[in-house]
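Worksheet: the structure to be examined is printed underneath.
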Amino acid sequence: MIKVGIVGATGYAGVELVRLITAHPEAEIAAISSVSFEGQKLSEVYPSYKFLNDMTCENQDAVVEKSDVIFAALPHGLSQELGKKCIDSGKAFIDLGADFRLESEDEYAEWYGGKFLDKELHAQSVYGLPEFFRDKIKGKKLVANPGCYTTCSPLAIAPAIVNGLIETKGIICDCKSGVTGAGRKPTQGSHFPELNEGFHAYKVASHRHTPEIEQTLSKLSGENVTITFVPHLLPVNRGILATVYADIKDGVSFEQIRKAYEYYYKDEFFVRLLDDGSCADIHNVRYSNFCDVSIHHDPRANKLVACAAIDNMVKGAAGQAIQNMNIIFGLDEKTGLVIVPPAF
Amino acid sequence: MIKVGIVGATGYAGVELVRLITAHPEAEIAAISSVSFEGQKLSEVYPSYKFLNDMTCENQDAVVEKSDVIFAALPHGLSQELGKKCIDSGKAFIDLGADFRLESEDEYAEWYGGKFLDKELHAQSVYGLPEFFRDKIKGKKLVANPGCYTTCSPLAIAPAIVNGLIETKGIICDCKSGVTGAGRKPTQGSHFPELNEGFHAYKVASHRHTPEIEQTLSKLSGENVTITFVPHLLPVNRGILATVYADIKDGVSFEQIRKAYEYYYKDEFFVRLLDDGSCADIHNVRYSNFCDVSIHHDPRANKLVACAAIDNMVKGAAGQAIQNMNIIFGLDEKTGLVIVPPAF
Amino acid sequence: MIKVGIVGATGYAGVELVRLITAHPEAEIAAISSVSFEGQKLSEVYPSYKFLNDMTCENQDAVVEKSDVIFAALPHGLSQELGKKCIDSGKAFIDLGADFRLESEDEYAEWYGGKFLDKELHAQSVYGLPEFFRDKIKGKKLVANPGCYTTCSPLAIAPAIVNGLIETKGIICDCKSGVTGAGRKPTQGSHFPELNEGFHAYKVASHRHTPEIEQTLSKLSGENVTITFVPHLLPVNRGILATVYADIKDGVSFEQIRKAYEYYYKDEFFVRLLDDGSCADIHNVRYSNFCDVSIHHDPRANKLVACAAIDNMVKGAAGQAIQNMNIIFGLDEKTGLVIVPPAF
Amino acid sequence: MIKVGIVGATGYAGVELVRLITAHPEAEIAAISSVSFEGQKLSEVYPSYKFLNDMTCENQDAVVEKSDVIFAALPHGLSQELGKKCIDSGKAFIDLGADFRLESEDEYAEWYGGKFLDKELHAQSVYGLPEFFRDKIKGKKLVANPGCYTTCSPLAIAPAIVNGLIETKGIICDCKSGVTGAGRKPTQGSHFPELNEGFHAYKVASHRHTPEIEQTLSKLSGENVTITFVPHLLPVNRGILATVYADIKDGVSFEQIRKAYEYYYKDEFFVRLLDDGSCADIHNVRYSNFCDVSIHHDPRANKLVACAAIDNMVKGAAGQAIQNMNIIFGLDEKTGLVIVPPAF
């Protein structure tokens, strides 16, 4: 059994990790930590876990010591030091935060206002979006787990961009996220009466996931991709829908695009390419690690419209982190993640 | 007092008209009709109206006879005959359906599969989006009240397009609507357990409001505009948010665009241009005739992102219809429509 | 025009008062205050009010000075001093807090931990539930506006208790409230992801509204009534449903009870007694001052089950406060409050 | 592996069975049937099941033939014949409908309007609420799986009633259910805009689950128990909260009651007795087979208030059915049902 440690276990990504690891046949939770709730039981913070996980939150050091792999769900800036400690101790480290996601320190400085504390450490890290970078993850010990928007947006158009079927200029990612993406801390914007029956964009063209999506699309295309990314807040608990718009290249037919998607995703268990006429719906991937993708043609403007739906807390956070753990430890990637999304 | 008749009063747009007319100081409901509920009281269908409107649903003829102005909320195809009857009787006719919205019979045939039964009648009609076509509505008796998506999408970018500040090619309208837009009839897709906690696109690049938005943008720009329009279904009762993307023309600054918006909407009571940094939210316009507009700049891709939020059943249907009635009858356009959107 | 001042205008009850007074034909807002937002515009706190109320929050003294009637929506304990100041200045004072609701200082001490600062002042106050105490409100200047649970629970069974048709022992009030009742301040319990799709009781048999309901029922019955009161939290914005259970007295038929209800409420505009077979629904009273009442018979246990639905922020707070203002100022009680509850 | 057949697989209880059996380590789905969707894939009806269950709906006979145990989720009246066929073929039969729940044919006739087609068959059946009747289920082949309200209401007060600590007269079950309890078929009442933001009672003191709850409470108490049962409809997908009121017998302390609960449920994995001060919340049991129970004292009226929360589709339907299957087949009762309820 893989011994799992979770740092930041009482945040939403952390507690979701606990839920998924509990059902994982090859891993078990060795220790959890939380700055806010140190000394308290997880089930006191989340009563739904009563009798299923009554572990007490310890400190980070205890977690590192007791675990083979440490998952960190921390505010950005705090993972670099922890990551170093884990790697130095020979442990695997999977970071659900942003510290290791961007390869360019300049971009990290621009969007997060920080710097790389240990450049060698960053050089060892790998970006953990398995559908694209599986081969690079194998054998690594330091994984930067992607963000939620940055998982579904590239998954929506990868086959088209990899095969050079769309223009890389002018791509628009119009994304809509459930409110768990904003975390557990109550705010005016997440206060029930003010979010319920509401819907709005936020951080228009200025969200920190922008350079991360661009980094992935640039790698996939071999070009320098700049996108327009606009996130919106949905009055639902879970899920992200990315609606991505791109110009189809002259001479490329929609049938070619569909075939490219079919081929690209034919062996990807977690990506479900929907039939023509169906639209990806966040309702259908909740609580699971699936990404449902639907593609659509606007023949009048000759655009590709690609929709990708994920559960922001599973494929967009905890589930993908476990998928990365499975790869690192040589398990079948699906282990512990074959979950039927509930019908309601 | 203006005597108002409502044909199709038990549908969502119809019953919303009843609500708003009840509070209108210069109009009163003379008669209502409903094919499905003829002979029944409105308050039997909608118990919230008990003691406030206990009128019995009559037939169309009775409504026409008793009214100065007839509002029709009918499935498309059924308004043409009724409109003719009203006009022939010297009554005003405000159609909340689609029959008179498109000026081109070819487009009507292509998107709705019907034809113009009386071309002269169509020639007399005017498209009732007052913020753009107020002067043409005055003195008319036959108004085609715009659809919901077709109200908020143009309002989002009119100042930019009228002033030639954006490219007219490549405009994308990514719209999200509350479920009342789909009407009162229960369907699997509007069944609570399947819509709740869900979100998806539908009729991607094939929704009937496409040519109507294009018609308005073409008029405003003087060019032949083709857009990409993708509607999505929100798990909320009311509201539409349109997020519209357009390329800013070379040499145009975002400051110029903002000034153009300020000038264009300075006297429009129902359009509230938000300050920089704010995002239009459907929560803030519910139950009212307001359209909140926020504009945003993506300097990296040099795009304008414009958001417009309306209540799809008020500014997107019944409220705008009353705004048109006010114009036709020479009232202050705001009469009966100065409603504070509730804070929650 | 009555000049209205609102102390605590940025809380949910306060801002709802602003909304309703804006539509009131005989009253206008003279000044508003807020401790948290002094110096800021109300529309900065609630963007939905933009251009409709852009007043700046002042301090309490300014509000008292400029107004004929002061509404206070303050945490308990803070209204006594303000009330005194208003009365001493010859102004009317309507308190939406709890300070003047209980006639017994002992009960106030027991449930709220405070005492009556000025017993004479308390003696001048009247409990503002117009359907029961209308005659006592007339001519008064100091009104204790009832709480939300304490409005709907008595309205559900008053006709039965007044007419001695039910046992006064063993009455159970099982109440369910929308979340606005808990106020504007974000908490873990009102954080969207934790309230959404949830439902639970709280403060079981220990909620502060208990003695207030008992006070009203005791007055109505002439007996000393003790109830069991259990509130629950609904994942909706607005509305309270009270389901009240009582034993029908031997020899009393359900027909007698129905007749008693019909007679008791026949002239009450704001109480809508539903027909047999209908159930009161919070959906049908939202945004309005109505209280829908349905009564049901359990013949097997010979119990009366009475349901009452109100909008907790209107009939349960701001609307009833305006109803009281109308009475005090000699207006028709319905003035400004004839609002059609929206169908959706 | 146990071969499982599901008749009525496309209803909500049926499709939930598919979800849970898919994760069961000792059982697998052999065949499914559906009258409405015969010949179609389950994943066409529920796209969330795509690639996870793409079985085609067959007819009942095929299901019976291929399976060791048949679960039936059928409208009442249709299970008797199917049950007979299964038993005659030596298969186990677990009925999620009402046909075998009531032991008294008179009560069945009164509440359901039907009769027992085969009295011997009924005599073989057992009522499958394992926490009370586990010993009787063992070795049986025909199980009447309880309804949702009828599971949580007795679980809320069983320890008090079994130990004679409360009066059996005057018990009130005020229950609130999520909308999946009403099934998959769209109706006006489950149409999103009309249910959302609403809440109401229905079938007051006349719901068919009444005699079933009474049957269980009568067995537990050894007395003839009559209750008052009032169900309400919550605007959530899943969950039932039962708030049960009972008079505490003279001389019984609340401490005695708490001890009785602790003892009675000490070995029941699926019943989680909450600590004093906590309230059972449907949020904390969603998607799981748990029943959270909290008990409260009203010392002023000397009443016990007991709350029980279940997922109506799991412990209230499919999960409990699997619990029964585990018992019948000699498995650990928890097999396949140790599920962490998600924190959000």
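Order of writing sets the chain letters: A, B, C and D. Residues in each chain are counted from 1.
Assume a residue touches a chain if its C-beta (ideal position, glycine included) is under 8 Å from a C-beta of that chain, and two chains touch if they have at least 3 such contacts.
Please read all numbers here as calculations on a predicted model, not as lab measurements.
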Have a look at A-D, A-B or B-D and name the one that copies the A-C interface, over half of its contact pairs being the same.
-> B-D
When the contacting C-beta pairs are counted for C-D and for B-C, which pair yields the higher total?
-> C-D
From chain B, the most remote chain by mean C-alpha position | D
Geometric centre distance via CA averages, chain C-chain B, whole Å | 37
Give, as an integer number of Å, the spacing between the C-alpha centres of chain D and chain B.
-> 47
Taking each chain's centre as the mean of its CA atoms, how far is chain C from chain D in angstrom?
-> 38
Send over the residues of chain C in touch with two or more other chains.
-> 12, 180, 193, 195-197, 235-238, 281, 283-284, 286, 344
For this assembly, give the contact graph shape among line, ring, star, complete and other.
-> complete
Contact footprint of chain B on chain D as seen in their complex = 12, 178-180, 184-188, 190-193, 195-197, 235-237
Taking the complex as given, what residues does chain D use to touch chain C?
-> 170, 172, 174, 176, 193-202, 204-205, 210, 226-228, 230, 232, 234-239, 241, 243, 245, 247, 279-284, 286, 294, 296-301, 303, 305, 307, 309, 344
Chain C residues touching chain B - in the complex, by the definition given at the top | 12, 15-16, 18-19, 22-23, 46-53, 180, 197, 237-238, 269, 272, 274, 278, 281, 283-287, 292, 313, 338-344
